[in-house]
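Okay, so chain A shows up in both of these, paired with chain B first and chain C after.
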Partner chain A sequence: MPLDTSTYGLALLRVDGRRWNELRRIHAQIRTQAAADGSSYLEMGHTKVMCVVTGPSEPGPRRGAAGGAAGGGGGAGGQSKDAEVVVNIVIAGFSSVDRKRRGRGDKRTLEMQSTLANTLAATLHTHLFPHSQINISLHVLSQDGSLLAALINAATLACVDAGIPMTDYVTACTAGSTSTYAANDEGADPLLDLNHQEEQELPGLTVATLGDSDRVVALVCESRVQISRLEGMLAVGVDGCKQVREILDQVIKAQGQKMILEGTVDKGTGLNDMDLD
Partner chain B sequence: MAQQQQHVLLSPAELAYLHSSLSLTPPIRPDGRSATQFRPLSAETGILPGTNGSARVCFADGTEAIVGVKAEIERTKRRWDDDGVYRENAQQHQEQEGEGKEGEGQEGSGDWVELTVEIPGLRDDDSGTAFLGRMLGEALLADGGFVGRLRVNRRFHWKVFLDILLISPPLSYPLPLLSLTTHLALLATRLPKLKSEGDEDPFFDDDWAAARYLYARDPVTKKVVERPPVTLLVMAVGGNIIFDPSKEELAVADVALAVSIGDDATATKTKEDEMEVDSSSGRNLKLLSIRTVDPPSRLTPPGVANAANSAYGHAQVVNTAATQKMPEARQTESEAVEGVWKPPRGGAKASVMGALVQKVLVKGGVADEVLDALEGVDTS
Partner chain C sequence: MPREAEPSLNEKQFVLQALQDSIRLDGRELEQYRPLELTFGDQYGVADVTLGKTRVLAKASAELTVPYADRPLDGIFNIATELSPMTSPAFEVNRPTETEVLISRLLEKTVRRSGALDTESLCLVAGQKCWSIRVDVHVLSHDGNLIDAACFAVVAALRHFRKPDTSMEGGVLTVYTPAEREPVPLSWLHSPFCVTWSFFGEDGDIAVLDATWMEEQVSSGSCTISLNKHGEICQIAKLGGVPVEAVSLLQCTNVALIKAKDMSSKLDRWLTEDAKRRDKGGLLAELSAENDRVPDI
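Right after this comes the complex of A and B.
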């Protein structure tokens, strides 16, 4: 179904009723799975992903190409001084509207795996765990655009839950532009957080930043877009990342408070000013 | 089962200890359960609005699975007959059997169901994963009525895609978990209500509230009348039969069996009509399929008795050329010594297999308990 972009100019509202700078509802949970070292569940609109982190642990025996090629390894190999980040994305057959089965060898999945592995390998303190492996397994349960952004956010939460030291949160968000590439509209507004319909029609990019800073750790743009529009899209995207960071931070703080109240962990010395009620 | 074996890191002495404690009467299991007790689980259904039916089950040991069911309408394949008249292959198949007693609406073909299993860290064409998928699919198809439910009319049918995801790392053999999750997802599966009649191109009611359940329910009480099969994992150690074994327990199993059972609803109904018995007093269980699972115990390293251990000091030196070349040969020949682990060799005895199946099918037994527990899950 083609997206009618002409109506945007009238009310400045997008197909799902958002304004240009509004995120979709983000709901996240951490520690969803008892058996894993770290786990998270994240919803960005109707995009729903689950993440399970195992490790840092001793790397298992390599079985042919299964570990290296399909795993999307980032960082360094098992024998080096840094831990290897292995990302495995499973896109469930039922996740899209029409069932479409994607095998392990799917090119798009492989690319997302390696993007994610490289992004996290740059942020996690992998030098603290020599000769080991951090396994990040992601399950896509439902997709409605901004998939890579959701995967990055979920992986960040799960790594925090697993207690793997990292520089700061890596948060990601998508940004787009209100008219198509072909329209060659110089005055097109940038859009924040694209859904599936917008992603199909409009140019868009995924940007991931480090914490509160403007430092971009990952930038993926798979569509054609005029260079003049890029700056606006990037600025909106980076701003969106900051909003996402606030939300993820709230989730982690809430979980931390809950764990202290339940007595799972001791209240640290630096937490005296924290409001627990 | 090669991938199973990798995860079991128990020494021969530990295996021997586990084996002997599981062989006691009553058996002492590492997690303190009784022989017939399942791991506690939490379950929910209808978690994914984008699917026709979905379920999520978490076992207490932290393993978790999600199953999503999606259905698509598909044109029924027709096949040319020898006499030049083409028919639906399913109907023809039935005629060849010579008995049309099932009537229309019951026939179907196995490729109307597609089942995929995803286990993190394993390739989807891994032998273990493929075997799991086959076992789960087999049980579903063995329950003859299932594909019949997917029939729309003579020209069209539903094609059902079952995607089974194991979310957690495979800590134990995931068969019971995946089977229970599939069971719940199928129970929660709904298909749009058909509006067209006869053999017209199908046309459906777009009101989801009017959708009918794949497994029929009582119109008044909303209780499930028919139910999909469940596959239980049972193992035998010594003289004991143990249900829902954990990974460690499976590592010392003499025999492991995957038994699929169904609830024979028709039999229960006729019986109820006759005697008005309370339905909770026991179900008419129907055996659908049995598969032997190759337990990882067969690949465990055997222990060495003190008498044969040269490192221990007082062993006689048996380093002849033959035994040095084939240490395996020496180990298989050695007799069982109390307290020394020896992997089970050879097939299972028929009496043990019989006892295992008997124990699953016994009225008011574990299978009943499991089905009762699953009934408690809200699938509306």
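Right after this comes the complex of A and C.
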């Protein structure tokens, strides 16, 4: 059901009280699953996802039979000199309001799996692990917009936790634009980090960038929008990605400090200047 | 599952090095499309598109059904894609590969979700009778850039298609045969076209339009942008791959708009030519019982 966001023009506040350039609360944890090689839990507002990374390991016997489409394989096959990134997304039935049952063959999920696999394959140093496979399973516990962005962020964190060498963080967020495609008003504001209601009603895109740069790894826009709006939306999205990167970086550093203090890992030589209070 | 043979290391290097010097194997400019050809079938709604050696056939068809219970006022519109083993030994029947899933998702987002076809106009009796429009896309030959060719074929087939005319009188729905009344075109709102960029090199700084299969195999990423001639983006899909500067993506979008406008005018011209060819003796205007409602698409 369409919801009325036309009140935005009056107070410049969005339905959940944010301003145009505010992210929702991001809460992230890594090393949540003791048994996994790498794991993370991420909340962006009410979107909650969990990620478990297994590998790099020897490819299972399943290979060949249902590779590619079913697993959303990215990078090259297991026989080549690059590790294969296999992503599996499970969207819990209770994650959204309408409790829709999504089977394994759901094309939207398959597309997201393939996007994630290709995004990560471009960033992980897969050439260091020939003939192996990196399994990334993601569980969506709650959906409130920006799902793909949350999945990418969670996967990045889990890959860092698994200790897989990568170029830099891949961080993602969404950006939108006030007013619908039909209204050709130039005064439309770009918005950062859309929630479910805004995603339903306003044009928006998901953007994932590499590290601190402006380089876009993934860009997904699924709604009709004037071409002139794209620049503003992209700029806000890329800026949001940098903010997300800072937050994720803090999470990882905090975990690192904790592990050093607990004595789980030795304090490296390069960490002398790091504040461990 | 049989795999497509990868190009050899020599071939890869050759293609990449040539691209570094802005040379393509077939002598095109980096931003040049291969010759795009479209032939309509004898029936309405059959479009055969060739783009270089890539060939895609789309066929639109209509049938009367019951609308979905949750959308009683909407007709049904589906796009079915099939990549058969005829195209490449890597494709198998009844087992969608990743390519096929991505193509059908892209077509769905471009044509269906962008509201190109007015599905409300397909409804005849609310909750009881509606048209179900189906487009079958068959890839006959694969030499790269399937998406652009398939999207063009789908849009061409739907705009060429005519569904049987109907009338409602006193609660009785009559469907007329083509002999009784000239079939009517679909209520078409805008024509989106896909434009696919392929990126090459470590930094993705070489962007190429309409990549051939060879180029696709050595590319490090791609981005499909769907636009209509009014400058509305219907969909953008850069699903991973090499990181590309945000600014160059914006430039790509602007060039894509020019290409989309170009495709749009080509399609318009072919549609008028075909209409003239069918309209022998200028009788169609008299036979048609339809009022002109959408003058400009």
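In the analysis below, the second predicted complex is superposed on the first by the 271 of 277 C-alpha atoms of A that agree within 3 Å, B and C clash if a C-alpha of one lies under 4 Å from a C-alpha of the other, contacts with A are read in each partner's own complex, and residues count from 1 in each chain.
Everything that follows uses one rule, which is that a contact is a pair of C-beta atoms (placed from the backbone, for glycine too) under 8 Å apart; a residue touches a chain by one contact, two chains touch by 3 or more.
Keep in mind that this is a model prediction, so the values were computed, not measured.
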Quick one: on chain A, after the overlay, do chain B and chain C clash, or do they fit? Just give me the call. fit
Count the residues of chain A touched by chain B and by chain C, then name the partner with the higher count. C
Partner chain in contact with A:Cys221 - chain B first, chain C second, else both or neither: second
Once chain A of both complexes is superposed, is A:Asp16 in touch with chain B (first), chain C (second), both, or neither? neither
Using C-alpha centres in the superposed arrangement, which angle lies between chain B and chain C as seen from chain A, in steps of 10 degrees? 100
Under the stated touch criterion, which partner chain does A:Glu246 make contact with: chain B (first), chain C (second), both, or neither? neither
On the overlay, how many Å separate the closest CA atoms of chain B and chain C? 15
So which bits of chain A does chain B touch that chain C touches too? none
Contact set on chain B toward chain A in their complex: 6, 48, 50-51, 54, 58, 61-64, 66, 68-70, 72, 116, 118, 120-124, 161, 163, 165, 167-169, 171
What does chain A use to touch chain B in their complex? 33-36, 46, 48, 50, 52, 54, 60-61, 66, 70, 88, 90, 92-99, 101, 103-104, 135, 137, 139, 141-142
Can you name the residues of chain C that touch chain A in the complex? 1, 3, 95-98, 100-102, 104-105, 108-109, 113-115, 204, 220-221, 223, 227, 231-247, 249-250, 253-254, 257
Using the touch definition from the top, list the residues of chain A that touch chain C in their complex. 64-65, 67-69, 72-74, 77, 107-108, 110-111, 114-122, 181, 205, 209-210, 213-228, 230-231, 234-235, 238
